[in-house]
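After this come two complexes, each holding subunit A, first together with subunit B and then together with subunit C.
This part shows the complex of A and B:
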């Protein structure tokens, strides 16, 4: 399979009063055509910043370096006007909280057909409305002919997320970035939305980046996974290997802190807090919390390396 | 919606009764009376008594109030004590000048306040934003009577660009009319524009931080759509509230501005009526002011429902 998106040595820094924050520090990952890539990590690990970099939506203060190749074109070299044409058309995004992600003063139909009209010159309003109804049918919204005239406040959370997905699909994107799309939803609705994403991915053959902090969601949905910690990708592999044979101590820790059905074992949480990402960091960023830490870990920054084919780990113990 | 409007209009009745009662009682508390003003202090007691009887002022306040009320219900608000003409006629003769003043002031305040408020929000940390903050602070702090006087001093008396006061009806001579209106409307409009500007800025800033604005960006909207369609329609709701309240201020401000610029409007009419203890005239002007204020706020509430679909009235 061909690579649709390739993120190479991506760095994003933000100036603060206490110095530069290195929110993302040399991140690499690939998304193949027709693949669902999961990005897992805790809050502040840089997963949302990665997705916003792909969309070109990092605020003006943020400095972005590296390369984001989309169909072999570097998105970071594009102008704002060129990016605007890609956003919502070739790459689209859905967000965490469907309750606040739809504009309260426009109808659902208006918001979805706007995306269609923005990117397809020559489409009439009527055609856009028809396409909107079609999209809402695709995402499983009942009686879309009537619902397009409704405002978001009349929709439940699950329905709003369906509408958000329909909006993201409006121009049949090649890549859908889903930033914690189920975090704000009930468990039953979560399952429905994940099912829907998988189904749509199969039907339309696009690629999805699914950002989440929930390993359960990853196991259910993704083909491949990148685990992020403190601005780094610490492990990247296919989903089966990740759960069967995790290599990085952080990934192991994450899996150990998952409850297992039927087991009465105590959960073992990862001790401590992630480091603050100022310039003066040395050594492995996980060292302070790592149960296998050695003197070497504190001195040298770790590099990511392939341990077996397609399995990348950022820990010298697993490589050397 | 129709039912709601009807309900609000019915609520007007107790409000107006309340206001008229308070005003009636307040007037009777003001020391000095119309007889002194009409006859002077040297009049004979007989002449004073005759005039009192003539005007019906010898009756107790309560009786007078009910008499007034009885007539008012039939839309007869009495005659001005000074001119003898029906007060309602006097009021409507003065209304055009005030309406024009208020309308122009409002237009000026919106034309200045909204665009600069939006600009200040979009260019949040730039010098434009700071200038807007300082100017709006000044605008709120400068008293209208001072600004009006200064404008008359410099623009009318020194530079002789515009007339210092007076009023020519619009239909008689539109150009002279507008010339006379520029200064008073500008004076009244500045402080209001400052308030509108601040509100627009903060409302826009809040909306720009909302999640749905990120959705709009992710959709690939143009900056124009982003600002004016997605953001401004949401920001308009709090701005509208402020505008509604400001209209009350506009009516109050009109009293001062009309006095400074010698405009024959209802504000000045009310002031003269109070000086001269012209009770029926005071009564009707205050009543009309409050009627105007309540109606404008009803209108604002109705516009709300059109802008914000979450607001529905039963």
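This part shows the complex of A and C:
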């Protein structure tokens, strides 16, 4: 399969009063056409910053380096005007909290048709409304003909997230970035939304980047997974390999700390805290929490390398 | 057509006319707020007085028993009677008629000067709040400078530069009311700007200018509406004060402030010359203030009590 998006050596730094924070430090990943890539990691590992850099929505203080190739064009070289044409049309995004990502003063129909009118010149309002209704049907919202007149406060969380997905699909994007789309929803709705995303992905053949901290979500939905830790991708592989044969100690730790149905054993958490991402970090960033740490880990930073075909790991032990 | 839809096997036919007829639109924010306002008796009283004022101003020629500048020389300084409801002034002009015509001046000055204040203040507040940084600093510091003058003093200074006539009164009061609108708008923009729906709008490729006016402005209309009613009250007082000081509207126009000033000289012998215009100012300003307070309660979703 062809690569739709290729992130090469992406670095994002933010100045703070204590020095530069390296929020993302040399991240590489690829999204193939028609693939769902999961990005997992804990808070502050750089998941959201990665997605915002793809959208070009990093705030002005942040410095972005590296390459983000989308259909072989580097998005980081685009001007703001060019990016605006890509956003919503070629790449669109769904956000974590559906309760606050719809504008409370417009009706649902109004907001979705705005996205349609914005990127399709020559579409009449009536056509846009018609399309909005179709989209809402596609995402499984009941009786969309009435619902387009409703304001967001009348929608439940799951319905709002469906409306947000409809809005993101308005221009049939090639890439959908879903930043923790199910975190704010309860478990049954979560399952429905994930099912919907999978279904739509199959129907429309687009690619999805699914950002989450929930390994269960990854297992259910994604084709491939990138595990992020402290601004690095520490392991990248297909979803089966990740759960069957995790290589990086952090991934192993994550999987060990998941509860298993029927098991009465105590969970093993990963001890300690992730490091502060200032400039003076040396060695492996997971070293302070790693049970297999050696002198080498503290001195040299390991680069990510392929251990078996399609399985990338950033660890001295595994790569040698 | 959107290729998304073509891929579906059976595109359902949608009758758009039927959709329009489904009607039963959701109760909007303003309808809900107005229902809340209706329960506030004091605010509704204010609203009625203001409506009465507007009717008085619009239909002044029909309501007023006399021409406001007509002098009944024989009836100078006459006490209230059936012919002159509020008495006459030192030239024998009917005070009741003058107060009715005076409402035109007060409302005109109020609306136009607050209009100036809203237009420039909201615009400056929107761009300084949204873009921030240097632009925000320049605009906000300039507003701080304007704020540091006492309102009336600043208005007097502007009048002194522009010269005294009614147009300049409106400009002066308008300029004085810019900073409060700019500041209120800016702070409201700052809180809305960080909302996720603004980021969502950006992620669908909406331009900054559209985000500012279409997505942010409607979300911050409530504090601006409340401030407008309070600023209207201020504008009416300011016009009366300027006229009282001889800087505003010039005789013989029936400005309430001007009438109050001339009445001052006859307080002991003919108090009605000063009392009625004073009452007119007081009631109108009070009405705007109670309406403003009521609106603030009605438009604030956090103050929901059923």
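Here is the rule we go by: the second predicted complex is superposed on the first by the 320 of 320 C-alpha atoms of A that agree within 3 Å, B and C clash if a C-alpha of one lies under 4 Å from a C-alpha of the other, contacts with A are read in each partner's own complex, and residues count from 1 in each chain.
Just so it is clear, contacts are C-beta pairs under 8 Å (C-beta built on N, C-alpha and C of every residue); 3 or more make two chains touch, one makes a residue touch a chain.
Predicted model only: the values in this text are computed from it and were never measured.
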{"item": "Subunit A as common anchor, with subunit B and subunit C clashing or fitting", "value": "clash"}
{"item": "Subunit B versus subunit C as contact partner of A:54, first or second or both or neither", "value": "neither"}
{"item": "First (subunit B), second (subunit C), both or neither touched by A:234", "value": "neither"}
{"item": "Touched partner set for A:135, first subunit B, second subunit C, both or neither", "value": "second"}
{"item": "Which superposed partner A:217 touches (first subunit B, second subunit C, both, neither)", "value": "neither"}
{"item": "Partner chain(s) touched by A:126 [first = subunit B, second = subunit C, both, neither]", "value": "second"}
{"item": "Dominant toucher of subunit A (residue count), subunit B or subunit C", "value": "C"}
{"item": "A:290 touches, of subunit B and subunit C: first, second, both or neither?", "value": "neither"}
{"item": "Partner chain in contact with A:93 - subunit B first, subunit C second, else both or neither", "value": "both"}
{"item": "Subunit C-contacting residues of subunit A that also contact subunit B", "value": "55, 57, 84-89, 92-93, 95, 97, 100-107, 114-115, 118-119, 151, 164, 167-168"}
{"item": "Subunit C-facing residues of subunit A, complex", "value": "55, 57, 83-89, 92-93, 95-97, 100-107, 114-116, 118-120, 126-127, 129-131, 133-135, 137-138, 145-146, 148-151, 154, 164, 167-172, 203-204"}
{"item": "Subunit A residues touching subunit B - in the complex, by the definition given at the top", "value": "55, 57, 84-89, 92-93, 95, 97, 100-107, 114-115, 118-119, 151, 153, 164, 167-168"}
{"item": "Subunit C to subunit A touching residues, read off their complex", "value": "1-5, 7-8, 11-12, 14, 16, 18-19, 22, 24-26, 28-29, 195-197, 199-207, 215, 218-219"}
{"item": "Of subunit B, residues touching subunit A in the complex", "value": "210-212, 214-222, 225, 230, 233-234, 307-310"}
